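Input: one structure, supplied below.
Letters A, B, C, D and E mark the chains as written, and numbering starts fresh at 1 in each.
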Amino acid sequence: MSWPMDMLILVFVIISGIGAITVRDLLGAAILFGAYSFLMCILWAIMGAVDVAFTEASVGAGVSTVLFVAAVFRTTRRTRD
Amino acid sequence: MSQHLPALPVIVPLLSALLITMLGWFKPRLSFPIALAALTVALLSAVGLMGRVLSSGAAAYGMGGWNPPWGIAYHVDHLNALVLIAVLAAALVGLIATRKCVKEEFAERIVPFYTLFVLFVTGLAGILLTGDAFNLYVLLEVASLTGYALIGIGEKRAPLAGLNYILMGTIGASFYLLGIGYLYLMTGTLNMADLAQRLPAVYDSHVVALAFFICLTGLFVKMAFFPLHGWLPNAYSHAPSAASILIAPLTTKVMIYVMIRLTLTVFTPDYAFDILDIGNAIVWLAVIAIVMGSALALAQNRLKHILSYIVVAEVGYMVGGFWLGNRAGMTGSILHIVNDAAMTLCVFLAAGALLTRIREDRLAGLQGMFRKMPLSMAALAAGGLSIIGVPPTCGFFSKWYLISGGIEAGHYGFVAALLFSSLVNVVLFFRIFEIAYFEPLGQGHGHHRNDPSPMAEAPTSMLAPLVVVAVLLVVLGLYSGNLVSAIIQYAIPAQII
Amino acid sequence: MDLIVSLKPLFAVLISILVVPMIIWSGNRPNLREAWTFAAAGIKFLIVASMVPAVLGGATLEWTMVQVLPGAAIAFRVDAFGLLFALVSSFLWIVTSAYSIGYMRGLDEHGQTRYYCFFALSLSATVGVAFSANLLTLYLFYEMLSFATYPLVTHHQDMESRSSGRKYILYIVGSSIGLALPAMVYVYGVSGTLDFATQGIMPSSVPPAVLMALVLMFLFGFAKAGVMPFHSWLPAAMVAPTPVSALLHAVAVVKVGAFCIFRVLTGVMGADLLTGIGLGTVVCYIAAFTIIVSSLIALSQDGLKRRLAFSTIGQLSYIVLGAALLTPQGLTGGMLHIAMHAFGKITLFFCAGAIFVATGVKNISDMTGIGKRMPITMTAFFIGSLSVIGLPPCGGFISKWFLALGTLEARQYVMLVVILTSSLLNAAYFLPIVYRAFFCTAEESKFDNRMGEAPIWCLIPLKLTAFISILLFLFPQPFLDLAKLAVVQILGSK
Amino acid sequence: MNEWIAFLAGKFNYWGFIVLMMIGIYAIIAKKNLIKKIIGMNIFQTAIILFYVSTAAKRDAGIPIITHGHGMSGHSARAVDYINPLPHVLMLTAIVVSVATLGVALTLAVKVYRQYGSLEEDEIADSIRARAGGDQ
Amino acid sequence: MKIVALASVLLCGGILIFGTAGFPDFGDPLSPPASHVSPHYIEEAVAETSVPNIVTAVLADYRGFDTLFETAVVFSAAMACFFLLRVFREDERSPSEKLYRHLPTGIILRIDPGGKAPQSNEFEPIDPTWVPHDMIVKTTTRLIIPFIQLFGLYVIAHGHHSPGGGFQGGVILGSSLILYALSQNLRMAIGRMGETVSAVFCAAGVFIYAGAGALCLLMGANFLDYAALSPLFGVDAIQARSLGILVVEIGVGLAVMSAMVWIYYNLASVGRHQEGL
C-alpha cells in the first residue's frame, strides 16, 4: 500500500461525497454517489481489503446507484438544496 | 436437545419466517399458524432456558461449534432469559390479538406482514441472547429494518414517520457500530466476555471512554431517550394499529436491555460507575426525559400520541433507575422492563381494540366508550392504573423499587420526577376515562335514560388476549416479589449493593 | 397475644368483590340484583362479627397472601382497632343497601347496576384497609377505594359531577402518590419493613426533622381524612347520590383516611417516639385548626349536604386529634369517634337524602316547616345532630368524653377548649335546621300540612341508625371493649 | 514538528473517516431533501466502514488469502504476513446491511413522494399542515 | 437549522478527532486488532476449514452466524420493499393516457383517458415514459449478460480461493437481470424471472443457509457446525467445513440475487410491475 496514492484517493472520495450532497440535480447526486462508492472501493482495494472492495464495487457502486436512479426516476430530479 | 436451547428462540422463528414466505406465497392462510407455532416454540424454549438458568446457572452456546473469541457465542443468564420471556410472550399475545386486525388492514399483505413480524421477533430474540457485540449489531438491523417496514406501511403520515425512523435508527445503529469499532481497535476482540476481560488493561485510555459514550449515544437514539426521541411518537402513533401493538412494547425495552448488558457485562459496573462516574449525569438526563415526556404527553390530544409520549417517559424511568447504580434502582429498572412490556402491550392493545370501532383516535371521539366497549375500556383502565403506579398492578412495584433506589442514592430529583410523572399520568388517564365515561348526552341529571346504546365490543380474538394481559398486570404485580427474589437479584452483579 | 392464621379476613374482603360478577349478571333483574347485594353485605357482616369473640379474647387473626417486596407482603391482620372499623362499615353497608334501594328507585336513577358494583368494590377496599397488616396493603386498598369511588361520585355524569370528579381524583390520588407514597418508600428504606408494630417501626436513628416531614406527608398524603388544606374534595364530592355520600363520605372513605393516619401515627411512627419529640402536639394543632375552621365554614353553608360535608371535615379531625394526643384515653376517644360519628352522621345524610327524595329540596333555607311534612325524618335528624354535637343521650357524647379526658391526660388544655368550642359551633350549625323545621308559623312554612315521608326503604334505615345512635350511648360496651383492647395493642401492655 | 507530521500522517485514514462522517451527519440533519438525507445516511455508513477497514491495515502485509493454497502441510501462515481479515468480514456484513437499509429508505421516500408530491421536507410539512387545517 | 447542524457536526467531529489521538498507529502490526483474535484466523483457517481465502472462512464459518443474519437482512429488505410498495389493486391514479404497441408492425397507438383498450393479442401495453431503446445498447447488453452471469457464478464458486463469494456473486447475478430490465424493459425482465420466483428464491436462499445450520443441529452438533455434515458429504470434518461453506455461499448467492432483482422491480415500477425503467 502506498500512502500518497491512498491519501489522494481519500481526498477524491471526500470531494465526491461533498459533491453528492450539494449538487442540485438528484440524478447528478445519484451518479456522484456512485462515483463516491467506486472511489471508496478503489481505496479499500489499495488498503488490501479486496473482498470489501469487491462487495463495495458491486453493491455500492452498482446496485445502490441503480436503486437511486430508479427512485429518482420515480420521483423527481429537482431539489432546492 | 436441551444443550441447543439457547439457539432455538432465534433459529425457530427465522426458519419459520422463511417458511411463511415459501409456503404462504401459495397458501396465505398458512402464514398465521406457522407464525403462531414459531413463537410458541420460541417461548417454550425461552421458558426452558430460564429453567436451566435457574437450576444450573448461566449457559453458553458456541455457534458453528467454535469457541468464543473466535466464533460467535450465545450467552444466557438470568437477565436475558427474563427479558426474553417477556419479549416473546408479549409478541405471542400481540400476534394472537392482532389476527383479525391484520386480516382487515393487510388484506393482500398477510404473508409479508407475518414474515416481517416473525423476523422482527427473531432479531429481538437474537439481540437478547447474543454474547457477541457485532452480532448484536446485525440482529439489531434485522429487527430495525423489519420494524421500519411495519411502521411505514401505515396511512397518512406513516411513510414519512417511517423514513425519519430509518434515518434516526440508522444513525443510532451506526453509532453503536462505531463504538464497537473503537472497542475492537483497543482490544482486538468482539466477544462480550472477552472484551470484559481485556478492557481493564486499557481503562485509562480515553478511546475506551469515547467508545462507551458513542455506544451509549447510539443506544439512546434507538431507545428514544429524550432528547433523541424524535422518531418515536410519530412512528408509533401513525403506524397501523396491528404494527404498533406488536412493536411498541418491544423495541425500546430491548434497547434498554442492551444498555444494561453493555454496562454490566462489557464495561463492568466498576468502570461505568466509578472510573467514568457518569451515573449522576445520566440520571439527570433521565429526569429531564421523564419530565419532558410527561409534559409532552399532556399536550397531545390523540390517544396513540399520548401513549407514545408515555413510552418516552417510561424509557426515562428505566435509564434513570439503572444509572442510579444501586441494587434497588437496577432491580426497579429490570423489573420495569418486564412490567412496561406488559403495560405498553395492554394499553396499545386496548387502543387497537377501541380503534376497531372508532376510526379516529382523537380523544373527543372516545365519548361513551365505557358503555359501548366496557371490557376494552376496563383493560385500558387497568393499563392506565398500572402506568400511574397503583397497587397491586405491576407498575406500582417497579416504581417502588425505582423510588427507593432514588432515595437510597440520595437523588431526590429523580424521585420528584417519578412522582411528577405519576401525577401527570393520573391527569392523562383520567382525562381519557372522563371523556369515555361521560356520554354525549350528558346534559341534565341523566335520569330516566333507559335506552343504553348497544354494546359493540372488539372481536373476541382481540378481546380475550387483552383481558388476559390486563389480568396479567395484576398477577405480575402480586408475584413481583418472587420475580425479584428468584431471578432479578441474580441478574445484578454481586458487587452492587 | 395469640396469632391465629385464618382465612376469615381474606373472605371478608373478597366477598364483596366476588359478588360483582353476580350483580352484573343479574343486571336486568333489579330484585335479584339487590338480593345479591344484601346477601354479600349480610355475609360480610357475619364474617366480621364472627371474629369478634376471638379478638376480644386477645387473639389476632392473620393471613399473608403474597410476599411482594422483601419485608413487605400483602397481608391481613385483624386486631381490635381494625375490627372495630370493619364492624362499623360492614354493618352500615347493610343499612345503606336498604336505603340505596329506596333512594335509587325513588329517583329512578340510571346505571344502577354499575352503582351497586362499585359500591361493593368500595366496601371491599374499606374492609381491606381495616384489616391490612402493613402499610403496603393499607396503601393498596386505599388506592383501590379512591378509584372505585370515582364512578360513584360522578354517578350523574353531568358537567357538575365531571368537575367534582376531577377535583376528587386530583386531591385524593394526587396527594397519595405525591406525598404518602414517597414517605412510605422512605420508611421502607430506613426500616426495611412496613408491618404495623406496637411501638412503631421507625429506627431511632432518623432525625426529628425527617420524622416531622414524614408525619406531615402522611397526614396530608392520606387526604381522605380531609385535614385542611386538603379538604375541599369532600364538599365537591357531595354531588354524588346521597347513599354514596352517606356511607362513603361520612363513613367509609373519610374514616379510611382517618384510620390510615391513626395507623401511621401509632403503628409506624410509634406513640413513644412521637411523644418524645413532641410531634403529636404539631398534629394536634393542625387538627384543631381544621376542627375550628371547618365548623365556621359549615355555619355559612346553605346546601344541607355541603353543611354536612364541612361538619364531617371537622369531625374527622377529632379522630386525628385523638390519635395525635397519644394517650390511652385520647386514643380510645378517637377510635370510638369513628363508630359514634359514623352512626350519627349517616343518619343525617339519610335524612338529607330522604328529604330530597320526598320533596326535591336541597337547601336549608327551603326547609322551613318541613318538620310537619316529614316528622319521622326530622326527628331522626335531631337525634343525629345531637350525636354529632356530642350531647347525651347519644353515642357521640361518649367519644367526645373520652377525647376530653385524653386532652387532660396529655395536658393539652388548649385542645380541650377547641373541643368545647367546636361542640358549640356544631350546635350552632345543626340546631337552627331543626328549629326551622319544626318551629315556624304556618305562613313561613313552605310545605302544606300533609304528611309526606320518603319511601319506606329510606325510612327504615334512618330510623335504625338513629335508634342505634341512642343505643350506643346506653350500651357502648362492645365498641368500648374493642377500643380499650386496641389501645393496649397499640401502646403495648403497660 | 516532525512528531506532529508523523502524528497526522500516521492516522490520516482516521481523519478521512471523521470528515466523511461529518459530511454524512450534516446531510442528514441540514438537508431538506429526503434523497439527499438518504445519501448522507449512506455516506455516514461508508465512513464507519472505512474506519473498520483502517483498523485492519497492517504494514508490509498482503491481502488475506493464503497464497500457498491447499496442501501446505509443513509451515503454517504467519499472522504478520497477512492483513487482519476480521474487520473485512464485519464490513462485508455492514455493506450489505447498508444497501438493505438504502432499499427500504428509498422505498419509503417514493411512497412519501406519491403521497405529498414532493421530496422537500418543508414542503411536505406545509402540505401536512394544510391537510390538517382542511380537516377542521 | 444549517448552523445548528454545522455546529453539532463540528462538535461531534471534534470529539472524534480528540479520541483518535489514543488510537494505535495506522497499520501497526502490534496493535490489539492485529494481535489478539485475528492471528488465529490467519494461522489456523486453512488447517481448520481448508479455505485459503481467510475472509471467506471467517465469513461463512467462524462468524457464519453473522452472515446468516446478514442474508436475513437482505431478505427482509426485499420483503419490506414488496410489503410497502406493491400495488395489488390497479385502481387509483391510472396514467392519463395509455400506449400500446402493435407487435407485428411496431406501430404505437395512443389511447386517450377513457378510451377503449385494444383487445387483440397483437397489442402489448407499453410505458407512457417509454422511449425507443437504442439498438446498440440492446444488442450489446444481450451479448454481455450471459458473460456477466457466468462471472457471477464463478465468483460464488471461487470464493474459497479468491476474493468473492455469495454476496458479490449474488449481486452480480442480480445486476445482470437489472441490466436486462434497463436495456429492454421491466416487463420482459419480469417475464424472465417473475415475482413469485424472486420471492420464493429469496426465501429459499436464506433457507438453504439456515437449513444447513439446522441440519447440523439435527446431526447432533451445534448450529452451523458444518463438521457434523461430514457423513452426508462423505468427506472428513475439515473438508466438510469447506463444502458446508460452499453450500451456504450458494444459498447466499441465490438469496441476494433474487433480493436485488425483487427490490429493483418494486422500486422501479412503484409496485405496479407494469412499467418502469
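Note that in this section a residue touches a chain if its C-beta (ideal position, glycine included) is under 8 Å from a C-beta of that chain, and two chains touch if they have at least 3 such contacts.
Note that the structure is a prediction, hence the values are computed from the model and not measured.
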Mind listing the chains that sit against chain C and also against chain E? B
Common touching chains of chain D and chain C: B
If every chain is reduced to the average of its C-alpha atoms, which one ends up farthest from chain D? C
Write down the chain pair with more C-beta contact pairs when B-E is set against B-D. B-E
By mean C-alpha position, what chain is farthest away from chain A? C
Approximate Å spacing (C-alpha centroids) for the pair chain A, chain D: 11
With chain centres defined as C-alpha means, what is the inter-centre distance between chain A and chain B in Å? 37
So, what's the distance in Å between the C-alpha centres of chain E and chain A? 18
Per the C-alpha means, the centres of chain D and chain E lie apart by a whole-Å value of 18
Touching at least two other chains at once: which residues of chain E meet that condition? 16, 21, 23, 27, 31, 33-35, 37-38, 41, 53, 55, 59, 63, 66, 70, 73, 76-77, 80, 84, 163, 167, 263, 267, 270
Among chain C residues, those touching two or more other chains are none
Overlap residues in chain A, where contacts from two or more other chains coincide: 1, 50-51, 55, 59, 63, 67, 70-71, 74
Chain-chain contacts as defined at top: A-D, A-E, B-C, B-D, B-E, D-E
Which part of chain A faces chain E closely enough to touch in the complex? 1, 50-51, 53-55, 58-59, 62-63, 66-67, 69-71, 73-74
Can you check the complex and tell me which residues of chain D touch chain B? 25, 28, 34, 37-38, 41, 44-45, 48, 51-52, 55, 86-87, 90, 93-94, 97, 100-101, 104-105, 107-109, 111-112, 115-116, 124, 128
Which bits of chain C are touching chain B when the two form their complex? 65-70, 73-74, 107-110, 136, 139-140, 143-144, 147, 151, 154, 156-159, 162, 165-166, 169-170, 173-174, 177-178, 181-182, 185-186, 188-189
Seen from chain B, its contact residues with chain C in the complex are 385, 388-392, 397, 400, 403-404, 407-408, 415, 419, 422-423, 426-427, 430, 434, 437-439, 442-450, 477-482, 484-485
Taking the complex as given, what residues does chain E use to touch chain A? 27, 53, 55-56, 59, 155, 163-165, 167-168, 171-172, 174-175, 178, 182, 260, 263-264, 267-268, 270, 276-277
